[in-house]
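Same chain, two partners: chain A is paired with chain B first, then with chain C.
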Partner chain A sequence: MLHETYEPVIGLEVHCQLQTESKLFSPEAAAYGAPPNTHVDPVSLGHPGTLPVLNETAVTHTLRMGLATHCSIAERSFFARKHYFYPDLPKGYQTSQYDTPLCYGGYLEIDADTDASGTNDTDSARPSRKRIGITRIHLEEDAGKSIHDQGEAHTLLDYNRCGVPLIEMVSEPDLRSPNEAYRYLQKVRQLVRWLGISNGNMEEGSLRCDANVSVRPKGQTGLGTRTELKNLNSIRNVERALEYEINRQIVARERGEAVQQQTLLWDADAQQTRTLRSKEEARDYRYLPDPDLPPVVVPEERVEALRDDLPEMPNARCHRFVDSLGLPPYDAEVLTEDRAVADYFEEALSSLFKRTKGGDTNAQAKEVANFVMGDVMQTLNETDHTPQTLPVTPRRLAQLVYLRLEDKVSSSGAQEVFSLMLDHTDASAGKIADDHNLIQISDRSHIEPVVTSVLNEHSDNVKQYLNGKDGLLGFFIGQVMRRIDGSPDPQLVRTLLTEHLDARSQNQ
Partner chain B sequence: MPVTPDDVDHVAELARLSFDDEEKERLARDMSRILDHIDTLNELDTAGVPPMSHGVTRENVTRSDEPNARISREQALQNAPDTDGEHLRVPRVIDTDA
Partner chain C sequence: MSYSTFAEARAALSNDETSCEALVSSYLERIEARNDAVNAFLTVDRDGALNHARYLDSQLERGNDRPLAGLVLGVKDMIAIKNQALTCGSRMLEDFTSLYDAHVIEQLREAGAIFVGKTNCDEFGMGSSNETSYFGPVQHPEHEDYVPGGSSGGSAAAVADGMCHAALGTDTGGSVRQPAAFCGVVGLKPTYGRVSRYGLVSYASSFDTIGPMGRSVEDVALLLNALAGPDTRDATSAEVQVPDYTRALGRSVEGVRIGLPEEYFAEGLDPDIRRMIEAQVEQLRDQGAEVQSVSLPHTEYGIATYYVLATAEASSNLSRYDGVRYGHRADLETMQAAIKEEHEALHEQLGTAQSNGDAERVAQLQDQLDTQSDLLRALYVQSRTEGFGDEVKRRIMLGTYALSAGHYDKYYEKAQRVRTLIRHDFLQAFEDVDVLLTPATPTPAFQRGEKTADPLQMYLSDVYTVPANLAGVPGLSVPIGTHPDAPHLPVGAQLLAAPFDEAGLLHVGDALMKNVPA
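Right after this comes the complex of A and B.
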């Protein structure tokens, strides 16, 4: 196969809108989705005589992302003007950073390609990791939105987005497959959400990605001519566009054609790339330090304070769930995908531990994990609830898990109690189970008389059973269950029936 | 350092300006004199002097992240040459070979 003789080399440039109340250099709201041109300000509209003032929170968000990706923090950095004319940028330049990004030289870890390394043991708790270098993370402002109506002679402009804070995160060309690029982006999105610095929503454009890609014969270390892919508006599209473009470059090379350095747009409908008209060839941005914005100085103490303040990161938390709670790696991975879910799980677990006061804590953790990955996540997917707004709070879930661990409810009974708890927010799990006859009757003395009378009343069936008609056990179980109010423990009913039938067989 | 009319063309294109030949000649002369002056400054030995990015010595001038609507849409649009009442309207900008 051609693809086995070539190796793709991929680097990603990710833009991510920061979650702030106001814009990067002016105080109007930064919220998404407002009516056009209602979040504007003389500064972002580029009026003469206005002065930008830096949003402190945007700097903190950027530094947190840098620290979470093991970057060095620039002790002193400043903003630069990147000049170009386009109507979505009223000032005539974008305020960005050029030779002094706030963060530089870090990395993040993704799961390594299983097929490529061949060393991955699926049973092992830790899939092997691959480090992807982060060249830089800098802070800049977003541009406005141009609306080109079909067939119209003009373009409409909405400046609500103009000046919204963005981080630009540039990776080293360390990615070797479209799927690695996919996993890298997933990781970036997980991290920004985990840190609470962005909603990471690609559909709303909060997270955007451009890719640089080239191919080279395997074993070679030099880089081939690269192309830049733009308009990759979903994580899946990034993977597809890269697959398409890598294939295109390999075919071109095999035909002896040179790959041209160019910018390509991904057309998601046609599933192919097309050339961007090179209107402004030889980009000359004339970067220069912005004299209106004094330098940002980040002393070592601030870096250390921010580092101490970082939450436990997803990888570390996942490992802890495996190591100290004994969860299977798959469960730990699912529970740490979203920080709010991981928090919910841990709160429920610590609430449960207060009730159990010891015992098999690993089994208790697994039981809570099952509920969270089952009923809780299903409810989150099917409703608008977040882990914070779910009517079944972690404390209430712990009540339910406790009932289950104590065998007070059956596993199907527990599911029923859970869905009742969504509507009955003021009652405890135990009260709901009680009110709805879902408490499992596991009291021998309560069930045994019923077993005796059922067997007495159906002596013909008992005879048939004893003569080998085993299927009748189900009939007896049904009869007993029906006669007891509430929810008799089906396992106990079965045991008692078998005991009594055995006894009768010996007396025969 | 002599600036050629081609250099003037390049800078004019970036600045979206156009000049006639006579203006270009004059601009080339003016710009050459500016660059000559820079050359004079370059004679100074600045090894070991950190580059200065700003004319003021202030650092970390920031504001807290509190939203404040200082102008309305009506005010924002009133200086625009053309609007549809909600957006600014400009001559069609084409991005790609669609």
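Right after this comes the complex of A and C.
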């Protein structure tokens, strides 16, 4: 295979819109989805005489992202003006950062390529990790939006997005496959959501990605000529565009053609790239330190306070779920994908621990995990609820899990109770189970007479069963269950039936 | 009914000898009579000024006094007043109306000032003679063939000619102090950061200041009381306490340490101006001031440093005028004609290159042809070509050059380092003296057209004022009499002080002016 003799080298440049009330340099709202040109003011439109004032929340968000990715924080950094003319850029320059980014020299950990070593280590408890270097994270303002496809010779301009804070996060060229790029982006998205600094939505454009990619023969350390890919508007598109582009570069090299340094656009419909501009057309942005904005000074104390204030990061939390709660790695991974889900899980668990006061805590954790990964996440997917707004609060879920652990409800009964709890928000799990006859009857003396009479009434079936037709056990269970008011414990019914049938077999 | 200073009008107002409305009316009459000749005002807000005057009179009747009630003020047309034209003396903004008030306008309105109109100025503040205004030059109030100085020439002329009590100017390299000296009025350039720039159209952001111009040091002090102070909308405004500046006035100069910077009395200074300054120095010495010579060794690099840094910032600040959202936009036909013309020229060159077999040139021209036909590019090029005047274009090009790849280190960065040295010179000098006394300009006002052909000569007329903008220190220009040569043009002295010591400037400036025979 050609691809086995070549190695791709990939670096990603991620732009991420920060969630702040106002824009980066003006008091105008930074809201998404409003009618065009309704979130504009003289400052964000760059009217004569207006001046920028830095939004401190955006700085804090950027610093938190930097700390979460192990970056160093610049004690003094500057904003710079990046000049180019375009109608959606009202000042003729974008206020960005140039040679002094707020954060630099960090890394992000992703799961290493499992197939890279040729071995499949899905069995191992924890996949090995790979560090992807973060060159820099800087803060800048977004431009407006040009809408070109509105009839010939017309371009519409929407300045709502103009001045919305963005972070630009540049990775080292450490990624070695489109799938690694895919996982890196997933990780970035998880992190910005985890920190609550962005919704990380690629479809809305709040997370955007450009990729630099080159190929080289395996074993070589120098870098090949790279191309830049733009317009990658979903994580899947990033992977596909990289696959396409890597293949294109390899084919070119095999044909003895040189790879041109250029910027390419990914056309998701055609599933191919096309040239946007060549190297010769590279722009001179004439960067100028912005004289309207004093340097951003971040004292050591602020860095330390922000560091102390960081939430437990997804990887650490995932490890803790495995190490101290005994959860399977898969469960821990799923539960820590979203911080609100992880919080929900932990709240439910601690509420449960208050009831159980000891016992097999690992089993209890696994039971809560099953509920969260099952009914809870299904409900979140199917409704508009978030973990915070779910009518089944963590405390109420703990009530339900407790009933289940005590065998007061069957597993199917528990599912039913859960869906009833979504509508009956004022009643406890126990009351709902009670009211709906879902409390399991696990009293032998209550069930045994029914077992006896069912077997007596179906002596033909009993005979067939004893002659090896095992499938009839289900029929007997169904008969018994139907005759008992309430919810007999199906496990107990099965056990009693088996006992009685065994006895009859010996009596034969 | 007209009073020479606002302080006098204020006294008359307190004694019920006049009203705000009467004051405004008398100034409107003067404007009516004189503005056609002087061209100091670009717009006059007759109704707005009279209405506000009546409102203030009714307030005064109820005992609601305000410190600047009745002050009739001209506002340089680089400062935004809501719903009023904001032209900056440029065709680019000929039809532009501001959507908001500058911070200083809010402050002054609150203090009782009445805005009578917007004053003429050099285009975007770029000029030293008021000859670069798209709306025609301003005439020196006393001598019709002479310039009033610039870029706040309209403000200086309006005050000198009695068309308003006082006016706001803006000073980036001397634009308040130089025209004040040429027209014989008092002009203050505050410390950078002392007065909010919010609503001042940027020319060179790290130099721009708003300053008051008046007929007395007292009027300027009264205005500064309202202008000074921090503003959350200007991140470069300073959180520094604002004193009552009028308390600096009427005090003796005994014990005040006055420095005379050698470099400001060197070659190029008009000998009569030198003698006039020296005479002032003698009087101050007699009154107990301690006068000493000091050195500001990097003065000679001031003009060069200023024109690298200020034009770099200007090229950036003026990028927003692109004809897309507001401001001048070229006609579609003009754009298409320009594209066609360029096309034809390129095709001609292409033909030549093809017949010469110059493949590289052919490819280059082909590429150019592709971008040249772009209507968007034509929109930018034509709108800016038509909208800006020559001096503005010259400075945009200078600044663009200084910031271009490969030039940045050589020009911009080097100039920044020199700027630091110049600032250091001043801070060093203010260890030993309280204020520096210098001529405001090397010559009195010159004739219209005298320096327009030679930009460098024009730039040198700011040689004494530019260093204060580089250093960010405050400066005050005070009239000290008229030049002995005919036609007896006014001459100004300049006082410079440490950052935020405007009170020190006003103190010495007041004493200086009182020494001048009326």
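Worth a mention:
Please note the rule applied: the second predicted complex is superposed on the first by the 455 of 508 C-alpha atoms of A that agree within 3 Å, B and C clash if a C-alpha of one lies under 4 Å from a C-alpha of the other, contacts with A are read in each partner's own complex, and residues count from 1 in each chain.
Going forward, a residue touches a chain if its C-beta (ideal position, glycine included) is under 8 Å from a C-beta of that chain, and two chains touch if they have at least 3 such contacts.
Everything numeric here is computed off the predicted structure, so don't read it as measured data.
Once the two complexes are laid over each other on the shared chain, residue contacts for A:I147 go to chain B alone; chain C is not touched.
Among chain B and chain C, the chain that touches a larger number of residues in chain A is B. In the superposed model, A:P295 lies in contact with chain B only, and not with chain C. When the shared chain is aligned, chain B comes close enough to touch A:N37, but chain C does not. Once chain A of one complex is fitted onto chain A of the other, the partner contacts of A:L45 extend to both chain B and chain C. Looking at the shared chain after the overlay, A:A363 reaches neither chain B nor chain C.
By the touch criterion stated above, A:A316 is placed in contact with neither chain B nor chain C. Legend: residue contacts after superposition of the two complexes on their common chain; A:V251 is shown touching neither chain B nor chain C. Residue contacts after overlaying the shared chain place A:V53 against chain B and chain C alike. Shared-chain residue A:D284: touches chain B and chain C both.
When the two complexes are laid over each other on chain A, chain A has residues 42, 45, 53-54, 83, 85, 87, 157, 284, 286, 291, 293-294 in contact with both chain B and chain C. For chain A in complex with chain B, the residues that touch the partner chain are 20-22, 27-30, 35-42, 45, 53-59, 78, 83, 85-87, 146-148, 152-159, 265, 274-277, 284, 286, 289, 291, 293-297. For chain A in complex with chain C, the touching residues are 42, 45-54, 81, 83, 85, 87, 90-93, 157, 280, 284, 286-288, 291-294.
Residues of chain C that touch chain A in their complex: 78-80, 86, 88, 93, 96, 98-100, 102, 197-202, 204-206, 232-236, 312-313, 315-316, 318-320, 322, 324-326, 367, 376, 380, 400, 403-405, 408, 412. Those residues of chain B lying in contact with chain A across their complex are 10, 14, 16, 53-56, 58-73, 76-77, 82, 84, 86-97.
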